[in-house]
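Order as written gives the chain letters A, B, C and D; numbering starts at 1 within each chain.
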Amino acid sequence: MTQQAGPIRLGMVGGGQGAFIGGVHRIAARMDGHFQLVAGALSASPAKARESAAALGLAPDRSYDSYEAMAEAEAARPDGIQAVSIVTPNHMHAGPAVAFLKRGIHVICDKPLSGTMEQAEELARAVGETSALFILTHNYSGYPMVRQARAMVEAGELGRIRVVQVEYPQDWLTEATEETGGNKQAEWRTDPARSGAGGSIGDIGTHAHHLAAFVTGLELESLAADLQSFVPGRRVDDNAHILLRYKDGARGMLWSSQVAPGNENALRLRVYGEKGGLEWAQEDPNYLWFTPFGQPKRLLTRAGSGAGAPANAVSRTPGGHPEGYLEAFANIYGEAAGAIRAALAGQRPDPGLLPGIEAGMAGMRFIDAALRSSRADAAWTKL
Amino acid sequence: MTQQAGPIRLGMVGGGQGAFIGGVHRIAARMDGHFQLVAGALSASPAKARESAAALGLAPDRSYDSYEAMAEAEAARPDGIQAVSIVTPNHMHAGPAVAFLKRGIHVICDKPLSGTMEQAEELARAVGETSALFILTHNYSGYPMVRQARAMVEAGELGRIRVVQVEYPQDWLTEATEETGGNKQAEWRTDPARSGAGGSIGDIGTHAHHLAAFVTGLELESLAADLQSFVPGRRVDDNAHILLRYKDGARGMLWSSQVAPGNENALRLRVYGEKGGLEWAQEDPNYLWFTPFGQPKRLLTRAGSGAGAPANAVSRTPGGHPEGYLEAFANIYGEAAGAIRAALAGQRPDPGLLPGIEAGMAGMRFIDAALRSSRADAAWTKL
Amino acid sequence: MTQQAGPIRLGMVGGGQGAFIGGVHRIAARMDGHFQLVAGALSASPAKARESAAALGLAPDRSYDSYEAMAEAEAARPDGIQAVSIVTPNHMHAGPAVAFLKRGIHVICDKPLSGTMEQAEELARAVGETSALFILTHNYSGYPMVRQARAMVEAGELGRIRVVQVEYPQDWLTEATEETGGNKQAEWRTDPARSGAGGSIGDIGTHAHHLAAFVTGLELESLAADLQSFVPGRRVDDNAHILLRYKDGARGMLWSSQVAPGNENALRLRVYGEKGGLEWAQEDPNYLWFTPFGQPKRLLTRAGSGAGAPANAVSRTPGGHPEGYLEAFANIYGEAAGAIRAALAGQRPDPGLLPGIEAGMAGMRFIDAALRSSRADAAWTKL
Amino acid sequence: MTQQAGPIRLGMVGGGQGAFIGGVHRIAARMDGHFQLVAGALSASPAKARESAAALGLAPDRSYDSYEAMAEAEAARPDGIQAVSIVTPNHMHAGPAVAFLKRGIHVICDKPLSGTMEQAEELARAVGETSALFILTHNYSGYPMVRQARAMVEAGELGRIRVVQVEYPQDWLTEATEETGGNKQAEWRTDPARSGAGGSIGDIGTHAHHLAAFVTGLELESLAADLQSFVPGRRVDDNAHILLRYKDGARGMLWSSQVAPGNENALRLRVYGEKGGLEWAQEDPNYLWFTPFGQPKRLLTRAGSGAGAPANAVSRTPGGHPEGYLEAFANIYGEAAGAIRAALAGQRPDPGLLPGIEAGMAGMRFIDAALRSSRADAAWTKL
């Protein structure tokens, strides 16, 4: 069975008007021509679901009021969706994911895995019981220079890793935006019922945690977390200070914050080993700084000097033509498409570097451990 | 007549395997769902054209051996292309453009306008004689923070402009790459028969010239150019030093180079007026530095602090989620789509900020004046 | 009694050939003409002391073999030294300081205060029993833009402080330099007998701790520290990860490291409050980044735009003429000179922002708490 | 005759209260202990001269009302000055310099050499007729990383130089500050009678010209200059755009401006050769960017990674401890001291890299050529 030539037929759960990440997923799916959006349960509100579907050019009969209806109907159509993107708030990840997976429809799901550990475990079971693929969009791992960093660590260019400094500060929740109304993002992301018990730790801390693990290949063993909710009335943490201990002796620090004025989306990773150091910042993603110990710092550039095959494989343009967040996101979709095409062709898909259920469970354990540690006054807590 | 809901049917001339800018145009056309590529004359080599078309999923009967055949056939089809992208080397812009324009097919053409002034003038006549749109992809004008800069100058935030410093250094032609074989880009871009008589001045100097004009709204009156071909045997300039005089008294400098090691694609604009200064760099495009005279420098960020409506209108993601070269290019395609849909609906299209034939002719006059000035030992030369 | 017109007569303990910080103190003392070095006990080795004194142009009879001899002889001379700089390894701070203080000679002492808490307490008693001044060279507090930052926090421009991120990474001890010989700095700074039980935490962590306190005005209440000695055989910590809790609810992180390749002397402070954020980096000290929440980031420059009286008072040149480490150090010496001249004139000296015994004791408590916490597996430990 | 052990006895012409550069020279002379200021004709106003001298602690009998009186009296004293710093406005350089030189007193003179070519030639003759040293403080050549750059070019690390981009923008004369009163610097620097016919071109353009020559070793053959006076009523140029042609085929651009808001003192040099490129910026002087063609850009740091002997020889502190403008200035004074001590000892002084009369004359020819070229509508003009 050869692989399908045209785009993969894609559905979407969530992502109706007013959402943020749904639009990002759609661009990422479309950018390289790998997917075509053909169906959606875009909102819990039927009217909004319909309007959003129409605005996106979906056929009326493929706009659904619920993900259950969509899963059932699409699974029954000969031209039904082959994959689905789940872009709802965190508490609504696991339900739809399970529904599609058990019908053999491949799932691309936004992070974190779910709102609770129970949901996560249910989802993990479903993944274990299906041959459909489950891909979690830890999109920052799609950046070419993150791939470059990972390859360099793997190749031993830094020697044994000693120190990992990772941080993800933002400032958009410096004030009680969730209470003043009108900011849907602020509302659900600070509502434990929808985001899960973690605030900044779940929303962005998990990205930082995943990035550090992705680049270093290290497994986090335990952490000591001091979480704060600085904004009066806030129901989840908006700042997290965490000490990290990795399995083979490396140590680290992780800082996530949504109350750090002057930081838009300042995910940043620094890794130091016996032989050298690496620094990468999400807001300037085409650059990777590499210092072999005792030598001058070097500026490696995406698809330019110093970038190798792992970076170039996920680059579209030559050095100096900056690629960004959407391209990195599209790289995850591109690799997902490759795996899905293989699966559709009856081949054994190679997930490659794609984050999946394991990365998702690791993220959930990270959130859980951070919350437990913080409640225990930052006691060391195993993941 | 209402506007067409689905994507615009697009053809492409050039952009076969091994090309650079064709792939960029395709991503830009597809990213926001505005266009669907359905036909192509992708290469002068029939075999390569067919292979490239197949790789792109075009129907075999819509892959053409020549742009003439494509223009004729597509104009005759009820489902024929509504617009065409011309992404050939410079000497092959005017011919296809004229062929499509006179059949009423809208044209999106890469810059510079053409290889010679004669071709340019012929094309300008064709544009004047059709109601089809002609759009020139001066893509750097699609960057949100370039839009922001333009709006700020227009609003008088810099006061009367005095000084314009614009530069576009690269390093990829530091050695005689065109002679060592295997670099198709180097070959045609240093071949006057294909690129036109200008080398760096046509390839990147025109971008710099356009960017300065786009942001400042100033018209270049005369220039004094010192062009060099540093690499032995090179047939076109690979470095250009140019003094600028604008119509209302502003003065400037333009530097383009392809032999400046350490510069990948370092287009940079600085504008200084009586009341303030602006600085923007293409390789870090989400930032715009603004200094009101006597006050601290401010960092304006795309879709973030300090960015206004003109920038936000062409942004897809919040501040801190970097957008890049492809998004800027897609912004041109997006605005082109808007104008084309209006035209297709029988409305009078508003080109807005889209570069067209006037920008193209200004670029050709710039190249021509620079070449004449340089031959006259950098004498002041009117455009 | 009017203030003395000429330079203050200065002695020095330590700082012989091969030392680092002694030379820095001498330049700092001399740069603005406030001090003249006239005597020294420059080395524990009599021969080296003599040679060093001769190289510095000291009169032979004012080169001493020991600080005790120097203290006695100089106190007895009518033209004896009026102040002394103590620039020995940490374990040799308290002894000389006490010897001079009890003879009424003003002391300028390098940090940290001493090698052990016992020495520190003895020194604190001596300070309490003399009218002579004791000044501790927490030199980073002498940077103009650090003064600017402090003044802005004090003026409420950041609102109530929430988060303090301070770090001081270096890379010079990435390898076991102390064992390979020839690096005197590496040898004593990793020898607990000379540096005290703290390694990076005492050498640079104290700087970070002081800088954060100086700028924010916050008092550290407790900390949770995870110290490491990554280099095999190293006897003190070479990396420290610390969580911080300040008295009024602010939280922070402190990272010091001597094994982070690519970091020369990268002290960096970020402070975030309810209304804004500040960022400063020692390696680029003429800049201070200020973001009022919701507005663009602003670049305040030393003696330039946005810098106010507190910064300008310790600046020598206009903005854009970079001042550095030595000027910041000289600012401490300049303010010390002012206080010493006042004391010499029988006036009550105003220490202003000069770090003294309190800052020194706070630093010792910081080291002590960090060591205790780390031994207790990063348990929260009160200072 | 052995070299003098203590500091060189220094006099100063100009530099009274309210001056800028006089204070800089004094710090530079004192920082490393090489000079002691003992005499001065600090102002043309006798009262101000006296007050300034008193404030600096000069003996009353060594404060002079005129440089002539000072030259005569000091030459006659057995303990008279051995060297003099001339820090007056440009038109007052040559007169004092000649007066001291002909009495055998070494001269350290601020740049540019003089206000007119005639004065410059008179001074050059005086230098030719004396054995006293004449040193011109092109202070930017004292920066360690400028030395590093020069050494790298000399060693062939860039290959044959092709392109030189040098610029020196400031913004302090964006408005007509010279007319609003109270800014002594603005007044004399825009007064042709005091500054010479060149405005920005003389004040800062000469620095840019010298820096480019110093680093590249290239001799400027001809230039094409377009000078402007943007501020209404300004009597000298406040912006200059210049094309450069060097003797061996290298080409360049020079921009100087005092009306570019957002630029404090932004001298910047970029040099590109067949094998690599270098970039240096005065406001961040501890860094030098080096790109060997085809390799990643490298960050060389003062006294740190990648810096060699020429940089280290003029560094005081390890990498990461930023040195600045005053240290670079003091490096010129330090080398001047070495040469003066040798001369005083009857040895043949080695000027090393010290700028002297040749650099001064080159600067005057540069100003003169720029003015002539600009009057001839930017015609190519030989130096």
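The rule is simple: a contact is a pair of C-beta atoms (placed from the backbone, for glycine too) under 8 Å apart; a residue touches a chain by one contact, two chains touch by 3 or more.
Bear in mind the structure is a predicted one, so any value in this text is a computation, not a measurement.
Student: Averaging each chain's C-alpha atoms to get its centre, pick out the one most distant from chain D.
Tutor: A
Student: Any chance you could check whether C-D or B-C wins on number of contacting C-beta pairs?
Tutor: C-D
Student: Indicate the whole-number Å distance between the mean C-alpha point of chain B and the mean C-alpha point of chain C.
Tutor: 55
Student: Could you tell me the distance, in whole angstrom, between the mean C-alpha positions of chain A and chain C?
Tutor: So the centre of chain A lies 44 Å away from the centre of chain C.
Student: Just the number, please: Cα centre separation of chain C and chain D in whole Å.
Tutor: Each chain's C-alpha centroid was found; their separation is 34 Å.
Student: Hunt down the residues of chain D that sit against at least two other chains at once, touch-wise.
Tutor: Residues 263, 290-291, 294, 297, 301 of chain D each touch two or more of the other chains.
Student: Report the residues of chain D in contact with chain A in the complex, numbered from low to high.
Tutor: Listed in rising order, the residues are 290-291, 294-301, 305-306.
Student: Which of the residues in chain C come into contact with chain D in the complex?
Tutor: 5-6, 20, 23-24, 27, 30-33, 57, 170, 172, 263-266, 282-286, 301, 304, 316-327
Student: Going by the contact rule at the top, pick out the chain A residues touching chain C in the complex.
Tutor: These residues of chain A touch chain C: 162-163, 165, 167, 171, 174-175, 224, 226, 228, 230, 239, 241, 243, 245, 251-253, 255, 257, 259-263, 270, 272-277, 279, 289-294, 297, 377-378, 380.
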